[in-house]
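The next part holds the structures, each set out as structure tokens.
Look at the two complexes coming up: chain A is in both, with chain B in one and chain C in the other.
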Partner chain A sequence: MTATVATETGAGAANPPRRWHRLPALTVLTILLVAGIVLSFAVGVTAYSPQVIGSVLLAHLTGHTPDVAIADDTTIWLVRMPRITAAVLVGAALAAAGAAYQSLFRNPMVSPDLLGASGGAGVGAALGILLSWNNTAVQLAAFALGLAAVLLTYAVGTAVGRGTESTLTLVLTGIVVASLCSALISLTKYVADPEDKLPQITFWLLGGLDTVTIRNNLLPIIAPIAAGMVMLLLSRWRLNVMTFGDQEAASMGVNPRLVKAVVIGGATLMTAASVSAAGMVGWVGLVIPHVARMLVGSDARRALPASALLGAIFLLAVDDFARSALTTEVPLGILTALVGAPFFLLMLARGARPWM
Partner chain B sequence: MEQRPSVLHVYSLNPLVVDGTGNIIDAWINAAGGRNAAQIPGRTRPVSIEQVQKWNPDVIIVASSAFVANDTGTQTLDKLTADPIWSRLAAVRNHHAYINPTGGWHWDRYGIEGALQIQWAAKTLHPELFPNLNMVAQTRSFYSQFLHYQLSDEQANRMLAAQNPG
Partner chain C sequence: MDVVLRAQDVRCGYGSVEVVRDISFTVRTGEVLCLLGPNGVGKTTLFKSILGFLPLHGGRVVLAGRDLSTWRRRELARVVAYVPQAHGAPFPFTVGEVVLMGRTPRLGVVSSPGLDDLRVAHETLDSLGIAHLTDRSFTQISGGERQLVLIARALAQQPTLLMMDEPTSNLDLGNQVRVLRQIRAMAAAGLAIVMISHTPDHAFAVATSAALLRQDRTLQVGPPEQVITAANLASAYGEPVQILTATAPDGTPLKSCLPLL
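Let's look at the complex of A and B:
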């Protein structure tokens, strides 16, 4: 496995998949993302023309009062703007974290919650709801326990692996911690009041961006996601070297322990922040990196930003559907799984195995 | 406000969950002289705030299940009034947002206090039609007659404000 990946990665930079050879994929994805954002402002319960959207956004960004009906201003600036921003941030964060993990752990089935980030965040949120905390406290608890779960995995994994940080030990410990978290979530659900607390926990776990507001949900996640993204982007080329294996990477002057710590730290910051705001949104971090590698090849220097852009586009599109398709909200986590899982199978069936 | 005001019954604010048609909530809204703003079948349906803006209800009734972090009903209404999105809804702007009473059970959903709920809702939606309906006295007599329990005025008032009657 290691040898195959290593040769492929080595060749990847010079030999990206044929058909996309001449397209500047990152530019195209950026344009698609901008178009997606504009479209997302337009669709919803009420549809808006680009002129109305433009005038509202421009007015707010220049500090004026927009010259439209108050309901339209509320919808565009207070409802759609935070929700669209959150979808872009969370989508980009989960996909980039997933891409980084898949490179680091040299495993195509890895998703950003591998080391327990989502499970820990779920425990934090369920506990916060159970103890009647307010929304900001619930989100902070989710973020803190998401980080704590990964720290636990890392500490135990290193201790059990006798200081070697062996990848396999780390992954297995992650599975144990995630399973422990899921038991704790079940416990909170079991003791929760079925008339008010239990539905709240259930809705939270299903995932969604329907109640995102600027102050309560958006501001707390911007810094961790930005910090994590910078950490991952700075580690891009080292991730390529890491695919040769720890010893080979060390012989090429890369400190494998440091790269592992930085990548796990960055990915965890992003994942915990995403889950704390959006709940359990699965499959983005697993499927999107594969699609990105199909487009730009397995070189992490391009695959990582491409994953982030694609993830943002994907989650934006899915969330547009979640809020516009029916009168009721469709939980985001269900939709990403319904789209992601069959797509993954389709890729397998067509013989596309971008990780090999 | 037109003769039958449209009523949105909010089950939870975060996530936003409301009660639609074809259930006991819809039934008491109609019996009390209102109509359900949420024209979707079923109870406890998650909706977006955009949808609520479009429905633009005349009256918003918030169930005690929507209280978070041990807030009282008054605090919950204050939060709605202070919220940048909710405060722009006509019902909140016109002070037509109310807290649903809760006694032995939630008055609004499947309990015997549904009999009190209809009277409370009718007086809340049409105060001009029920000048002599005293909900404190009604609540006390209901408890005395059907549950053989003598409520104090204070306990009845606490139920009407969705506080634990103690």
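Let's look at the complex of A and C:
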């Protein structure tokens, strides 16, 4: 892949001015994602032809009753559609948030849970399950505490780090808040009923999309993920400038504090919403941006959309595997780690270190 | 020649700690002011205060006729550009992309550079003779090339004042000469330049005026040959030096500063 990129850029070197954009990669990823979505509707315990899938989806989107058996309608519209949509949204959100954080914090080893969004969401969910709240309330609690944890990190980090190295203080505060959240999760597990609540909390934290429904899980996350994505995309050029540090960014007319607030706000909306619907799905936000940068380069104008598309494709593929390849469904968080960790090691070993 | 930068009785420092005071000097278009002085005397603090990174403790900095405090960040970046010491980057941006970032103050708040900006970036790379680096990774070129790229990025801002922080530090002799030649060319093209340096020779080579900041916080400003004397340097740095004079093949007088060990 790196070789392809090199020839593409080399070809235009003779006749300036030219675009440094490489749009084809994004087009290819979009086509792959659409193909992946169609394929995901088809695969599963029951396989469906594209005609059946198309007629069911079209009927629902236009407000008619589909002309198929009720069981097939249920499988396609009420089981697969929410799950596929959630996989696409969560994968795109986590990968885009990770890519934005890596630029903002000038560190390629950063993931979207850096400032405590996942930890806080975990506390909210664990608490909700402990208190026997319903599915929707648990998800809202997770979302709210995910936002609250980052707000706490931001408030404390900015107050403590007045002056020069405020980014470092923010990251350190994030580590403290995340570790505090992990202690609180352990506490809820410790006091939870081991027959009933403890396994529920544990399974929730492992992550999965198997229980996603339209009304309860899907609708509440669409708005925050869309809003977060818009905030990140609006900041895409300034994110490039921010990788040179606050002072140099300021010397180029960027307001570092404003960009930080917008990007942290957007990434947190996306991460908290994702975790609230899918649980702790790790590695997507760390690994996918690296792959995206290898494909399209470091410029966030391309790396950010490429990360979102790749993240969606990746999580969709892993979730398809989770629900159709094995007889027992393995939690999503376990699978993303089993795929992500070796892949990351492979990148290191091959010397494909996109940050060097 | 227009006055670009005027400092009047400037006092500056970090937080409540005052580092330098009673600083006054003027820089006009086409002038190169070289700021010399021992480590820790406050050169960088003064520099950052003029760039607006640190608030002034007192006095006035007037930029293009307007008080520094009245400039908005983005407006300021269209007039003053900062060239940091050559450094790496956490991500392998191409040289073209790095230079394009210099266009940021001239873009809308949420917009990205367009074709005009690409053209300016390319012309800038061309004028510095490094157009061949356009598609190379900023993290994989040499230190000297990086310094030239950072100068290109600053020039892409199309400023009237260039603030250069030790532009020749960590560069080999050839790269030092290339950067110095560039500084002279930019001044000849009408830029006002303020640079920090640890090498008095470089002030002789390119500066139209030199400013020597001493341990006792006094600043002496004037033509290089009046400020950079054996006596002044000895008192500023606390070590004896000798100034040598020679003549270049084309007849221009050369001066150099040598330490007496």
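Annotations
The criterion applied here is as follows: the second predicted complex is superposed on the first by the 330 of 356 C-alpha atoms of A that agree within 3 Å, B and C clash if a C-alpha of one lies under 4 Å from a C-alpha of the other, contacts with A are read in each partner's own complex, and residues count from 1 in each chain.
The rule is short, and it goes like this: a residue touches a chain if its C-beta (ideal position, glycine included) is under 8 Å from a C-beta of that chain, and two chains touch if they have at least 3 such contacts.
Since the model is a prediction, treat every value here as computed from it, not as a measurement.
By the touch criterion defined above, A:211 lies against chain B but remains apart from chain C after alignment on the C-alpha atoms of chain A. When the two complexes are overlaid on their common chain A, residue A:45 makes contact with chain B while staying clear of chain C. More residues of chain A lie in contact with C than with the other chain of the pair chain B and chain C. Of the two partner chains, chain B is the only one touched by A:133; chain C is not.
Legend: residue contacts after superposition of the two complexes on their common chain; A:250 is shown touching chain C, with no touch to chain B. Contacts of A:196 after superposition on the shared chain: chain B is touched, whereas chain C is not.
When the shared chain is aligned, chain C comes close enough to touch A:293, but chain B does not. Of the two partner chains placed by superposition, only chain C is touched by A:301; chain B is not. Per the touch definition, chain B reaches chain A in the complex via residues 12, 14-17, 39-40, 44-51, 53-54, 56, 65, 68-70, 84-85, 88, 106.
Chain contact summary for the complex, chain A toward chain B: residues 44-46, 70-71, 74-75, 78-80, 132-135, 137, 195-196, 199-200, 203-204, 208, 210-211, 213, 323, 327-329, 331. By the touch rule above, chain A contacts chain C in their complex via residues 9-10, 13, 16-20, 102-103, 106-108, 163, 234-238, 240-241, 243-244, 247-248, 250-255, 293, 297-299, 301, 354-356.
Contact residues of chain C toward chain A in the complex are 15, 48, 51-53, 73-78, 80-82, 84, 89-94, 96-97, 100-102, 104-105, 107, 110-113, 115, 118-119, 121-122, 126, 131, 134-135, 139, 153, 157.
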